[in-house]
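Same chain, two partners: chain A is paired with chain B first, then with chain C.
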Partner chain A sequence: MNELAIKDLLYKLADDQLILGHRNSEWTGFGPILEEDIAFSSMAQDKIGHSLAFYTLLQELGEADPDTVAFTRNANQFHNSQLVELPNGEYDFSLIRHFLYDNAEIIRFEMLSQSGYEPIAKVATKLKGEVKYHVLHANTWIKNLGTSTEEAILRLQTSLNEAIPYALGMFELSQYEQQLIDAGVYAGEDAVKAEWFKRIQAVIEKTDLKLPDLNTIEPKLGGRYGEHTEHLQPLLDEMAEVFKIDPTAEW
Partner chain B sequence: MYGGGNVFEATKFDDLQTEDPVKLAEFEARIARGEKIEPNDWMPQLYRKQLIRMIEQHAHSEIIGALPEGTWITRAPGFRRKMAQMAKVQDEVGHAQLLYSAAETLGKTREQMLTDLINGKSKYSNVFNYPAFTWADSNIISWLIDAGAIVNQMANAKGSYGPYSRALERICAEEAFHLKYGHDAVVHMATGTPKQREMIQAALNRWWPPIMTFFGPSDKMSTHTETLMRWKVKMASNDECRQQFLDMYVPKIWELGLTVPDPKLKKNMETGQWEYTEPDWDEFKRVINGDGPCNAERLAVRRTAEERGAWVRRALLNPKAKYVRPLA
Partner chain C sequence: MDLTKENILTLLEEVKDPEIPVLSLVDLGVITGVEISEEGHVTVNMTPTFAGCPAMDYMKKDVERTLEKHGIPYHTVIMSFDQPWDSNKLSEKGRQHLKEFGLAPPPKYDLILDLDILEHVKCPYCDSENTDLRTPFGPTLCRSMHYCNDCRQMFEQFKPL
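Moving on to the complex of A and B:
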């Protein structure tokens, strides 16, 4: 097994969840209803917990400890997709992002739970039950709001159009893609994308929203290779603000 | 996180004269026997009014209290603290949800309560009008404000109104974890690097005066609590709560080698009472009435959240559904 390929995959998984977890946590105290404050905060805890599980696997492969890896790298060392780093915007954007992201994440977790690489399979099996609830939450809200008022539908549609190019960026191929597929780690991002499309389409069809024609959309790529929007570095600075006062201290 | 400090002002006890004396006597007898009053039971208007006011203030304190600590979630140092801080602040918002439901059983909707919060008509714990400048401030809140809240809430959990006392039992169980978390974070700071020690002492110095006002004005200044105590709405006086808090936590603060910024603070061994510099009650009143360092900011955040989320609530509204009060 090519260790670099595994590490690349683990960084991708961990960084996505670390960053989205932080974005979700920013809803604490600001949700449109208290129940949504609580839901986003709950998902934030899960996501950050999941990222820790994957950083721990990385540590076992010889990378630095999770705190150092998570809170001392710069934006160009992060492998998350650009979708997760975008600011929360209004609730409609956060909800659409959550829907697009978690419907892809669950597929990765399902595939990885069957992985030929056992440490990942174990973690994915353990965590996919939590992601299932995130998907259930997203799909329920998209169906509810996507069939409600004109105002809500228009907002969701606008956010969907805005988020889709970034969502396609989630499936940017790794330089080790073929090796991961050949080694039976998982079926690869093209396969994730095909299944994702089916699943999100099935939900969107039950609403008054329209899924843009994905073939005509230019994906926002680069995130997996350290290219990020201007929004990531300020978030990383914030995440490390206290930690960096004294990285040797025990907080 | 609620200290019960600013509830019982401007009570008009004349209202009691319009109540049916037989029902009132029966109501008081039930409370004296230790029975709980449930939402559909008969109760004097004044009891209902005071409870709504108290539970509503408590609920507001939870969501406003989530703000100063909430800003430290993204900045919390390392995974361990970050996960705990997130869970802790989420609990506080969950408490608000529980408490708004408890208050709703008395006939005021959550929407009305939130509207009254935003327009300044109803209050929340005054301590949250002070800023959390550093990570250490957030630690002090998690430890000592939660500790104060537990003192007040444990007492009120024995109160007479069923839905509130049951909500408080659940809340206190969670607050007990917050207290452990806060204490652990403060211990790490107080026994850490010189920079950490300096940060935590500075935060304690900033927070001590607001902490001392957390349980409300001294008993000498608050009036009309006798009936409320007989009705088991208020279970301990402000000074009793304050004394209990000092008794439990000053030794723990000293144990960590931290100092309390009050030269007069000491326990009088003869009376068993703590002596301290009288808090600045004029400032307390000024801040409650809107003139504190963070009042405008806290309410502006809440207002913005309400305005930005209004479309979601409109979309969820089913015109055919009738408003139903939550069950106790």
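Moving on to the complex of A and C:
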């Protein structure tokens, strides 16, 4: 197994979880209702826990320890998709992003739980059960709000149109894509995307929302190769602010 | 005390979940194995309930403290996903303790968990199944929140996973 290919995959997985986890945590204290405040805060905690599980696998492959990796890299060293770094916007945007992201993440975890690379298979087997709750949460709210008032539907549709090009960027191919597929690590991003499309379409069909024609949309690529929007570096600066006061402190 | 697996597990009954102090780690199902080497080195394998659970590190240290307190200086506690936790691993005794604590125990399931079972969780106060899921998230990662239409109370459930 090509270790660089595995590391690349692990960084993608871990960085997505860490950055979205941080964005979710920004809802703490600001949720539109108490239950949603708790939901986004809980998902933040889950996702940061998930990133830790993948950073730990990276450490076992010789990378630096999870805190160092999480808190000391610059934006151009992160492999997350641009979707997860975008600011929260209003609740409708955060909900749409959560829906588009978690429906893809659970497919990756389902595939990776069958992986020929055992360390990833073990972690993914564990995490897919937790992400089920995130998907349940997202799909329930999309169905409820996507069939409610004119304003709710318009807001969700606007956010969906805005987020879709970034969502397609989640499936940007790795330079090691074929090696990962050939080695039986997982079926690859094109396969994830095909299944994702079916699942999000099945939910959207139960609402008054319309899924844009994905073939006519230019995906926002680059995130997997360290190219990010102007929003990532300020997020990283804020996330690492306390850590950087004293990187050797024992917590 | 003889160093046997059974004796170590009995000792570990003392270690409780810090967020649910009626529940021992053994009943919770997070102790996945105990090995004792010929030289008397005790290895305890543990696995987290939820990967992001902030109590896991505390529980691991608590296991170490308990072993030391009982005069077992040579020990290693390993946290891993080798035998991942699921809610079917909660013991019958643990489920009973949860209910008495006012937390609905997670329903048992076969092989694949369908989250539809969250819709009508049995109320831990009045045993009614006329309940609604309010939110799949709660005060800790392992709890969801429900409302009982019969005794008209909010209650929490230890989530099935």
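In this text, the second predicted complex is superposed on the first by the 250 of 251 C-alpha atoms of A that agree within 3 Å, B and C clash if a C-alpha of one lies under 4 Å from a C-alpha of the other, contacts with A are read in each partner's own complex, and residues count from 1 in each chain.
Definition applied: a contact is a pair of C-beta atoms (placed from the backbone, for glycine too) under 8 Å apart; a residue touches a chain by one contact, two chains touch by 3 or more.
Not measured: the values here are computed from a predicted model.
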item	value
Partner chain(s) touched by A:S42 [first = chain B, second = chain C, both, neither]	both
Which superposed partner A:A167 touches (first chain B, second chain C, both, neither)	neither
Chain B versus chain C as contact partner of A:H50, first or second or both or neither	second
Which superposed partner A:E250 touches (first chain B, second chain C, both, neither)	first
Partner chain in contact with A:L236 - chain B first, chain C second, else both or neither	neither
First (chain B), second (chain C), both or neither touched by A:I142	neither
Touching partner for A:V84 - first (chain B), second (chain C), both, neither	neither
Contact breadth on chain A, by residue count: chain C or chain B	B
Chain A positions touched by chain B in one structure and by chain C in the second	35, 38, 41-42, 45, 48-49, 52
Residues of chain B defined as touching chain A within the complex	63, 66-67, 70, 72-79, 81-83, 86-87, 89-90, 93-94, 96-97, 100, 135, 185, 188-189, 192-193, 195-196, 301, 304-305, 308-316
In the complex, chain A residues that touch chain C	35, 38-39, 41-43, 45-50, 52-53, 122-123, 125-127, 129-130, 132-133, 136-137
Residues of chain A touching chain B in the complex	22, 25-26, 28-38, 41-42, 44-45, 48-49, 52, 66-67, 70-71, 90-91, 144-145, 148-149, 151-152, 155, 235, 238-239, 241-243, 245-246, 248-251
Complex interface listing, chain C residues touching chain A	47, 50-54, 80-82, 84-86, 113, 115, 118, 134-139, 141, 145, 159, 161
